[in-house]
Each structure stands twice: as structure tokens, then as C-alpha cells.
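In the part that follows, the structures are each spelled out as C-alpha cells.
Next come two complexes built around chain A: one with chain B, the other with chain C.
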Partner chain A sequence: MNQKKEFEPKVIAFACHWCGVGRNEINPVEDFSNFKLVKLLCSGRINTALILKAFEKGADGVVVFGCPEGKCHYNFGNKNAIKECELSKSLLDLLGINAKRLKVELGFLNENGKLDEVMDEFIEDIKTLGPNPLRVA
Partner chain B sequence: MISETIKKTKAYFCLDCGKCTALCPVTRYNKSYSPRKLVIKTVNSPDGNTLKDERLWSCLTCMMCQERCPSGIDYNEFTKLMRRDAKNLGFFGEPTHGGIFESLWKIMTAPKLNQNRLDWLTPDLKISDNSEYLYFVGCLPYFDQFFSDLKTDSIKIAQSVVKILNFFGVEPKILKNERCCGHDLLWTGDFENFKTLAEQNIKLLKDSNVKYVITSCPECLTTFKLDYPEVFGNLDLKFLHITEFISEKLSSNKYELKRVNKKVTYQDPCRLGRYLGIYQKPREVITSIPEIEFTEMERSGRNSVCCGTSCWTNCDRYSKLLQIDRLKEAKSTGAELLLTACPKCQIHFSCAQKDENYPEEGKIEIVDLTTLFAEAILKQSVA
Partner chain C sequence: MIDALQTALEKEQIKLYFPKLSKEIHTLTRLEPSACKVACPAGVDVKAYIGLIIAGKFDEALEMVKQTNPLPGICGRVCTHPCESECNRRKVDESVAICALKRFLADWELKKGIKKSQKVKRTKKEKVAIVGSGPAGLTCANDLIRKGYGVTIFEALPVPGGMLTVGIPPFRLPRDIIQKEISAITDLGVELVTNTKLGEDISFDDFLKKGYQAVFIAIGAHKGLKLGIPGESEYQGVVDCVDFLRKVNTGDRNKPGRRAIVIGGGNSAIDSSRTALRLGCEEVYIVYRRSRKEMPAASSEIEEAEKEGVKLRYLTAPVKILGKNRKVVGMECIKMRLGEPDASGRRRPIPIEGTEFVIEADVIIPAISQKPDISFLPRNFEFRISKWDTFEVDPVTFATNIPGFFAGGDAVTGPSTVIDAIAHGHFAARSIDRYLSHKDLKKGLGESLKISEWGFKLEIEDERPIERTPIPKFSLEKRLHSFDEVDLCFTEKMAIAEANRCLRCGPCIECRECVPGCSKRLVMLSFPESATEDIGKIPEFVLRVPTDPKKLPWDERSKEVLISWIDEKEKKEELSLTLEPIVCFVDQNLCRGCGDCKKICEYKAVELKPNGDGTFVSEIDQTLCKGCDTCLAVCPSGAIKAKHFTSQRIEKLIESCLLEDGKKDESEKRV
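Then we have the complex of A and B:
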């Protein structure tokens, strides 16, 4: 009862519209119980600036979803997403923010509860890492 | 606020002579930009309307106009303060690279940040915790990663500085958690975050018990020498650009350097030149290298032209046009190398050359002066 309140990570996921993550097609942003989902027209739309912005604003973890390799609707979008995430990871590392706080996941995740599985596992990892060091006063 | 800005910068002395606009390298390409008009409009109707003017963000803060203003109006300070007030009202420039640098600077204000920024220190580079000298590396590790596609290898500048310092018998102290100096936040109007970064750096510098702080970035140097004291008073430290350090060493002793048989020219960074008046030292460093052939560009020293963009803001087609002309000018000297003394000049000029239709007459290799000098030094000091 008087246990310390468990750390609830702030997690944001960016998802490609074509890989079918999310519950409906209309809302550009969806609130899940333990994370926020922002839909992009293609995972290729993600860039290092957006990812860092999320951390600057206090996110504890960021996930980028894209279509499986070779299945990008625009051919090269998911490759771009991977490249941008790699660059972001190198900058996070310089800043001393654990690069594990950023995850890229390619695949059609709307099938068989795969999305929940990936997100739950990621959120558990973030819980172990603790809050974003920028939020620690 | 506006009335204070007018008073502080003496904008009310404006004669409407237009010298500033005639000299401004931005106006040359972007006819809608006029420093004269911005000053006159602000003085004539100090109702804050100019704060919304997006052209406030086109200025390169290169200081060219200010040097020639017959009324001695501080146009740089004018831009700085106007941007501060504009930002407070929610107006700002167009951030280049999606605003990533703004995020980086703001992230660096976090007190508990524990960076991993020293991986570039190879075992041959000697540093020491008990040194009179501190090398302030600045944003080089970040530039190096972010601009890896430009192949500028910004981190080579840092490695070269340590190599040079070692050559002259100095093992510098280097801080694991130095923050961005805050230059770009200051010049994009974010005074609050600038102060936070400055306070953190000042504490780190004071606690490090050094006498001299060496920089390889003219923006860090200007910020330390001119802007920190304005807010925090005298810091009781001596700040030096690496070229000042080298030229001082070269004048007090004889050193043997390797020959570098190259034709070179030199880009004066606005901060190093017009802001701090350091024109001669970099030239002494260049010409100290045996067999190097140094030619000045037509517009050099006080008349040198800015590299075309500043504070990662409003980099646009006018910036590109300016850069192309400047690079053509560099190449027309017959030089194979354009030497820079500011990591951003190197990045901007390299980026300009990446354009698909970039003209052959402007293709020139760009090397930081410290990198070149480090190549000319022998393994061992012969002092």
C-alpha cells in the first residue's frame, strides 16, 4: 500500500500507416494505455530531429515501426528509417542517453497481438532503465 | 523592450544612409532583405511590428554592416535583442536540419547529463587532469556524427588540436561534460537556455583550476570572451583560439615543420575576424608551414564574406548562392585547398558542394587550418 509508486514510462511510438499498426485508420495520434502512437505516412518520414525532439520533451523511450524489409510501400522508406535511427542512436550515445531507449521494429505487427508483445517488452526494458536522465533534476 | 533595444544599440542615430544594406552579403542575393529598413521601421514605429518580420532571421550576424555604419549602430546587438523579443512572442526563424541542433542544445541543459563524448581520444593523444590549459572541444563530436555524409570529419579538428598542444609540450585538460557554449541559443533569441548552459560551463571551467582555455571554434571563443562576461562578469580565465596559441609558440621558439607543398587560401570566420579582430595569427600559422603557397582571396580580412548561414537557422537558396560565389572566389586564387578556422565554415562550404548542379568552377577541397598544421608537425618537438 505505501509502496513507492511504480515508474510509468512515457513512451512514444511512430508507426508507418501502411504496416497497419494502430486500431483505426483515421486518427493520426492514438492513446494506448501505456504509450502514445503517432502515425506517419511512411516510416521514411521519421528523422533524427523528430526522435531527439521526443527525448528533449521528456520521452523515456521511442519506438519506430515500419514495414518488413523489401515491403516498403515507397521502396526505400524503411531503409531511411533504419538509417535515421542509427544516427539517432549514435547521438543519444554521445549525450549519455542509453541508445536502448530507441527501438526500430520492421514487420506487419497488426497480426496476432504482435504489437502488444513488442510494446510490452519494450516498456519493461524502459522500466529497468528508469526515467530519461533529462527528467532527473 | 523595443525602446530599450533602440537605446542600447543607438538605433535612433540611423541616418537612413543605406551603407549597411549596400554591404550586406544577404541583400546581394535576397533583395527583400534590408538591414536599413529593419532599423528604420523599428525606430519609426516601435510598436513591435518588426518583431513579426521574418526577415529578422535572415541576418547572418556577420558584422559586415556594423563595421561601416557611420552612426556606429550596433546592428548585431539589435538582431540579438530583437530575436529575443520575437521569440518570446512566439516568432522564430526556420530551423535547419529539422531543428535537431535546438534539441541537442536544450538536452544539454539537463543538470544530470553524463555524456560519452571523449571516444575520439586515441592513446597517442596525451591529456592531463593537472594542467594549466583546458581544451574546450565544443560541439565537434556531435557535428562529426551528424554530418558524417559530408565527410568533413569534424572530430579530426579536436584530434589535431590535442596533437598540436602535445607537440608544444602541453597536455591539456578536457572536460567530459562540457556543454554547448550556448552561442546558437543566444543568437536565436533563447536567452534563458543560453544562461543555463553558460552557468553550467562556467562552473565546470572554474572548478577545473586552469588558467588558459583553448578553443578551436571561434563561436565558443566569442561567447566566452564577449557574451559570458556580459551576463556573469569577468571569468578570470584567458581564452585563446588555437591559432593564437600556435603563433605565440612559434614566435618564442624555433620549430622544425614538415613541408607541405600546397597552394592554399583562407576563409576568415566572422567571429574570429570582425568580432575578435584575430586576422593575423591564423595567417602566421599558415605561412609558418614550409613551402606552402598562400594567396588571399579578393575579399579577405575585414572584408571577408561569411560562409552563408549561422545558428542552423534560415539556410536557404540565398545561402547557397552566396556560398557558391565565395567558393568560386576561393578557387580563382589558384588554391587547391580552402583553409577554414571554424568547424561550421567547413561544414557549410562542404554542404554547398554537394548540390547536384554544383558548378565545377567552385569545386575546392576544404580543410581546417588545425588539421593542416597537425599534418605538418613532426612526431617530436625539437624545442
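Then we have the complex of A and C:
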């Protein structure tokens, strides 16, 4: 009985430098227990190409963290992130990858375990969706 | 070099993300202190506490002041603030009200309730005697008790504080402030013996007999100089300002007379005149032989005195004191004109013949200068004394010619400022500590840095003028009938607004908040051992993320490998890691020099460099640049490029995240 282990989704999170999600400033990538964090200077740096790249390489879910609306360090970076993510979502649907696999989370999440709450919820969602169809294929 | 490290690390199969060795190690070195800190004789870190006020961290700010100045409430009221005269804000409009901000901090603590300071544990068996409880003596006692010595202060008067208590009137410096700041020092364990005059109640021999190994003489300058004109000692009604102020400040509030003349132009002359007004004198004159510009008193004090009704007579010198029936009735004066500048740089006054006139008065208060009263000195101690009766000491160590005896404050300089006395107290404490631990007194004490050597480029063209917050004053009508304080305190809002006028002279305010704040201990600060050690010498200030791999937040195994690798390289002396930061850079062939990038840069990293033919080219300071790419977006000619956060880099980061898991999956499948 070679029972397959429980599905553990691979989640990549992109975080803005200013919203306080990362734990240190040295490593460009950080390992959390259930996801990996890639750090950018601003969530506005994200674009469709990067999001699709993550799915292409086999990510099951992608989260973009940014500062709350109106509090972007560069004035309009997080607006750009929302715009890019909306576009990516429509593209994901078109490609047959569920748009729910992409999430934008704006807010200062480093307090009171908010980050864990958000991520646990997201990972539960991904678990119900199953693995990335690109990876299975 | 990096490649060598990479291969070494790959061989050991260490898990490290792209790039293989983290390259973001910032070193922020600030070698130049700010102008205000250099200007302060005691080296108070002005920029740091102003920065902390802006952040609303008043507790930390006060702690910062107290590191170098144990009397913030007193200095915040009566300091001559040399820091404000050097403030770079003066090039834009007026200097920042540094002194009033310090007072705000002290009053804020008072309002909140002072925590009683804990007694310091005595760790050393040596005892030090301090003669005089003025600012110099108190500072020295504060420093020495914190180092673990036993300290006793001997005060001749019944009240401690020296000139602070008996010289400065309560409407400038309330008595309870002095009381509180002195008790903060005595609470540390300093023994205070009042009513004990050196030479009468106790002698130097007694100190040695009682086991004091070192003595600090800070007796101040309490003896008024004589005018040297006829009639001075013949008539009743001539009172020296020191005696006059001492009498009033120790409780004698009798009206000295109807009309008073104060002679002199210093702060003590202004203080005497304002005190005389409050005692009920109907007319008070100040007679000064030079013009207002040469007056050594603080200009704000002169203004207040004028507002209160003191009549100032410039370019007037006393000739003789007139009297009738053994009592003063007036003073004959002569008009002066200003001649060539003398040795002190001030223009020498020359009498104009035939312009003599008489001012009627029944009290005359000479306030021309003071000198230390050294009549107590015993014969068997031959101190070197200058012709102004001051102690001659080594300018760096403050040691007198007799080993174990140190002197400072007004006893060395003649009448001077509180902040100078505080500085002397620090210097003497440092020397006494070295003397008692048998170290070289002079070792490592260089000359202090001059402000002209201070090299930070400040861009003041972009600053817009902001009006200096005026200090609130007690109403003019009420103040003449009481000795209540005239200057009032800033409110919290005013203090923050005023602190915000500070130009911060550099990217780092040196508040040192990052050091305890950094939970990973990534920030280190190299700073001389203690705050009092470095006065007079400008410390090297380094704020950095350590390049020491032991401190990197990596797992133990990778650290081990890296450390052993670095050790090996260090043995061969080939280690020089060139670290590539995340930055933007300018292709100077494409740059048009429009300056848009400079305007938009959040970190002030862009500078415009003239080409010499009227055009400019922009340059990015790589230590300040954060690689945010904002300038890249604004550049009209596309001359700016970023070194990091390129798509290729981020793609590789994504790959590195997913790669290992992929490998793991494959291995699982095989199983």
C-alpha cells in the first residue's frame, strides 16, 4: 500500500520591503514553515510575467503582500500590484489555472499572528483546489 | 573571490539561496559629528536627542542628554548654548531652539514624576573629596560615583548648588529644579556635607588623614572685583553683585534702596538689575562702558530686562562715587567712545573729556567680574596660581601641580558658563579615575576636533525657512511683583514642531535606537567605552551589519563551513569580499543632467555633479541608494539602470524556491 502523502501545496509569496512581512533584511528569500517568501522592494515590482513564471515552475499558489491602500512608500506601488494581479487572474482563468490560486493581501501583517491566519486560510483553499494542473501534466 | 567561496560551499552542499553568498551587507560609517555636538564643551549629543524628540521618544531623548549632561533642567534654562550659535539652520533662518528643547525634556520628566535613582554599588575602595557643589563638582561626583568610587562633596554655604543657587536668581532658575537635579545625584550615593568651609572647618590635611586619595577643587569664583574708583569703600550702599545676589537668593527680600545703579555688562549685571526691580527699586540703571553689541550677556536677557523697565546706559563709565553722611547719593560717570580692538577682540573704550555727568542713586552694585577666593589656601600646599587668582591646571587632564589634586570650573577659568563647568567636571572625573587606577593621565587624549574640519556637505538651498517657535513668557505685569520663573516651557506639540526644524546634518541621527531594537543583533556600534571617555575627542561612529559570519542568521552547518573557509583565507591574507549592493547607477553618457532623479530620490542618494561647461551629470551615492528604482522610472533619457530586482534575478529566486521541492518529489517517487 504505497499511500501517497497528504498534498502539501507549494506557495510562493512576494512581499514588499516596507509592509513588515519578512523577518530579516539579509536573505532575499525566506523559508516559512508552509510557504516561501521572495522579497521585493515594493509590491509594485510584481508583474504578470513574474506571477505566471511562478506557476510555470510549479507553484500551487501565489500571494502578493503589500502595504495598506494609501500607505505605499512609493505612493502608487500597491495600486500597480492590484492592477497587475487583476490582469493575471483573468489570464490564469483563461489558461485553466484557477484564479483563486492568486491572492493579493494589503496591510501590515506583522502583528498579532495576522500573517499566519491569512496564510493558513489560503493554504486550506489551495488544498481543496488540488495541485497546480501545469505540474500534474 | 566570491566564486571561490561558491565552489567551496557547493562542494559541501550547503543550502543557500541565490546569490550563493548574501551580498547585502551595509556599512554606514559616520566619522563627522554634527556642528552642535562639536560646539558643546561637554559634547552633548544634540542631534540624537532632537531626533528622538521628533520620534516622540522623550524618555530615550532625556536618557541621551543625561549621558553627558547630568543637569538637563538647569542647562535647559541658563545655558549659553554655544550649540545654537553653530547650528547649520542659521544659514537658512534661525538656529533650532536647542536649549528650550532640553528644558522641555527635563520638565516633561518632572511632570511625569521622576523615578528615584538607585544607589550605585561601590566597587572601589578609594574615596574622593570634592570641594564645592556647583555644576563642576556635581558632574564630577556623578561620574565618579557611577564608576564605583566613594564621593563626598564639601560645601561652604548652607545650601548646595554653588553659583546656581546663590548667583542665578529664581526667576531664571527655580530653586526646586536645582533641588531635584542635585538630589538625583546625591541619591546615587554621593555624600553631601554643607556648612563646611575649606580652611575654617576642614583643611587639606584633614582630607589626607580621613583617607581621601584625590581632591577636586571646584570652589567657583565668588569674590567680586573692586571698581578701583574713589569713594568705593567709604560710603554705605556699595554692594558687590555676588554678595547682593547671595543675600537675596538665600531669603533676604528687603528693598536695597530707591534708585540702583548696576555697573557691568555680563549676565550677573542683568540678573542683579532684574532682581533689584523685583525687590521694589523704583529706578534701575545699568552702566556699561562699551556698546550693546559688545555686551557679554545673552541678548534675550537684555531684551527682557529692557521690557521690565531697566534703563541701560551704554558707552558710560563710572568715575567716582559720591556720598553724603557716609551714605551713597550718586555716581559721577563719563561718556566713552570706541577705539581700536584690543587683545580680546573687543573695541577698547576711550573716555571723552568734559562729558562727565551724575546719576543719582542710593545703591551701587558693581558687577564687573569675579575671581576665586583663595584666601583659604594653606602655606604647605604651594599651588600654582595665576595672576587672576585662578588655579593653573593642565588643559587636558585638569591636574594641578600637586599630584592627587585636581581643579575645574570657575576656579580655573574665572567667571564662565555652566556648560563649561560641566565639561570640566567630566574631564576631571576621567583624570581622577585614571590617577586612582595608576594609569597615564594623558594617554590617548588628543586635541579636540575643530568645526572647520567637519566635512559633511549639507544642501541648504532646498530648505525652506520655518519660523522659530517663540518661547512662552510669564506675563510682564505680574512678573515684577514675584520671583516666579519668566520663561515658560514648550508644550509637547511645540517641542516636536521645533525639533522638526533640525536639518539633522546627515543621513543618520545617531540616536542608537537600532542597537537594542535589532532582535537579530545585526546592527553593531563601535563607540568608545563610555560616554564620558570620549569628550574632547570625536569618536568614530560606525553603524553596521556585521560581516562576521557568526552573526549571520543562517543555520549552524552553513556558518561552520563559511567560518572555516574564511579562516583559511585569512591565514593566507587573501580575504577581501567585494559585496555587491542593491543599487541604481547612472550611465553618464546618456544622462542629460535634468535633476529629476535628485528631486524624487527618497534617500537623498542622487547628487548633481557639474561638468564644468554649465551642464550637469547626475551621480548616485551607492551607500545611500536602496535600489528602489524610482529614479529609473522618472529618468527621461533612460540613463539610470538598476543592478538588482531585475526580472532575471527574481525569476531565479522563484526557481530556487521550487527547485528543491521538485528534487524532493522525484526522490519520493523513486522510493
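As a working rule, the second predicted complex is superposed on the first by the 132 of 137 C-alpha atoms of A that agree within 3 Å, B and C clash if a C-alpha of one lies under 4 Å from a C-alpha of the other, contacts with A are read in each partner's own complex, and residues count from 1 in each chain.
One rule holds for everything that comes next: a residue touches a chain if its C-beta (ideal position, glycine included) is under 8 Å from a C-beta of that chain, and two chains touch if they have at least 3 such contacts.
Small disclaimer: the values here were computed from a predicted structure and weren't measured.
In the three-chain model built by superposing on chain A, chain B and chain C fit together without any clash. Legend: residue contacts after superposition of the two complexes on their common chain; A:Val29 is shown touching chain C, with no touch to chain B.
In the superposition on chain A, A:Lys53 makes contact with both chain B and chain C. By the touch criterion defined above, A:Lys10 reaches chain C but does not reach chain B. Of the two partner chains, chain C is the only one that A:Arg45 touches; chain B does not reach it. In the superposition on chain A, A:Gly96 contacts chain B only, with no contact to chain C. By the touch criterion defined above, A:Pro133 lies against chain B but remains apart from chain C after alignment on the C-alpha atoms of chain A. With both structures placed on the common chain, the touch criterion links A:Gly70 to neither chain B nor chain C.
Seen from the CA centre of chain A, the centres of chain B and chain C span an angle of about 120°, rounded to a multiple of 10. Put simply, chain B and chain C get as close as 7 Å, counting only Cα atoms, in the superposed view. Residue overlap on chain A between its contacts with chain B in one complex and with chain C in the other: 49-50, 53. By the touch criterion given at the top, residues 17-18, 22, 24-25, 520, 522, 545, 552-553, 582, 602, 626-630, 645, 647, 650-651, 653-658, 661-662, 668 of chain C touch chain A in their complex. Interface residues of chain A facing chain C in the complex, by the touch rule stated above, are 5, 10, 12, 24-29, 36, 38, 40-42, 45, 49-50, 53-54, 57-59, 73-74.
Interface residues of chain A, counted against chain B in their complex, comprise 47-50, 52-53, 55-56, 87, 90-91, 93-97, 133-134, 136-137. For chain B in complex with chain A, the touching residues are 97-100, 103-104, 106-108, 110-117, 141-142, 145-146, 148.
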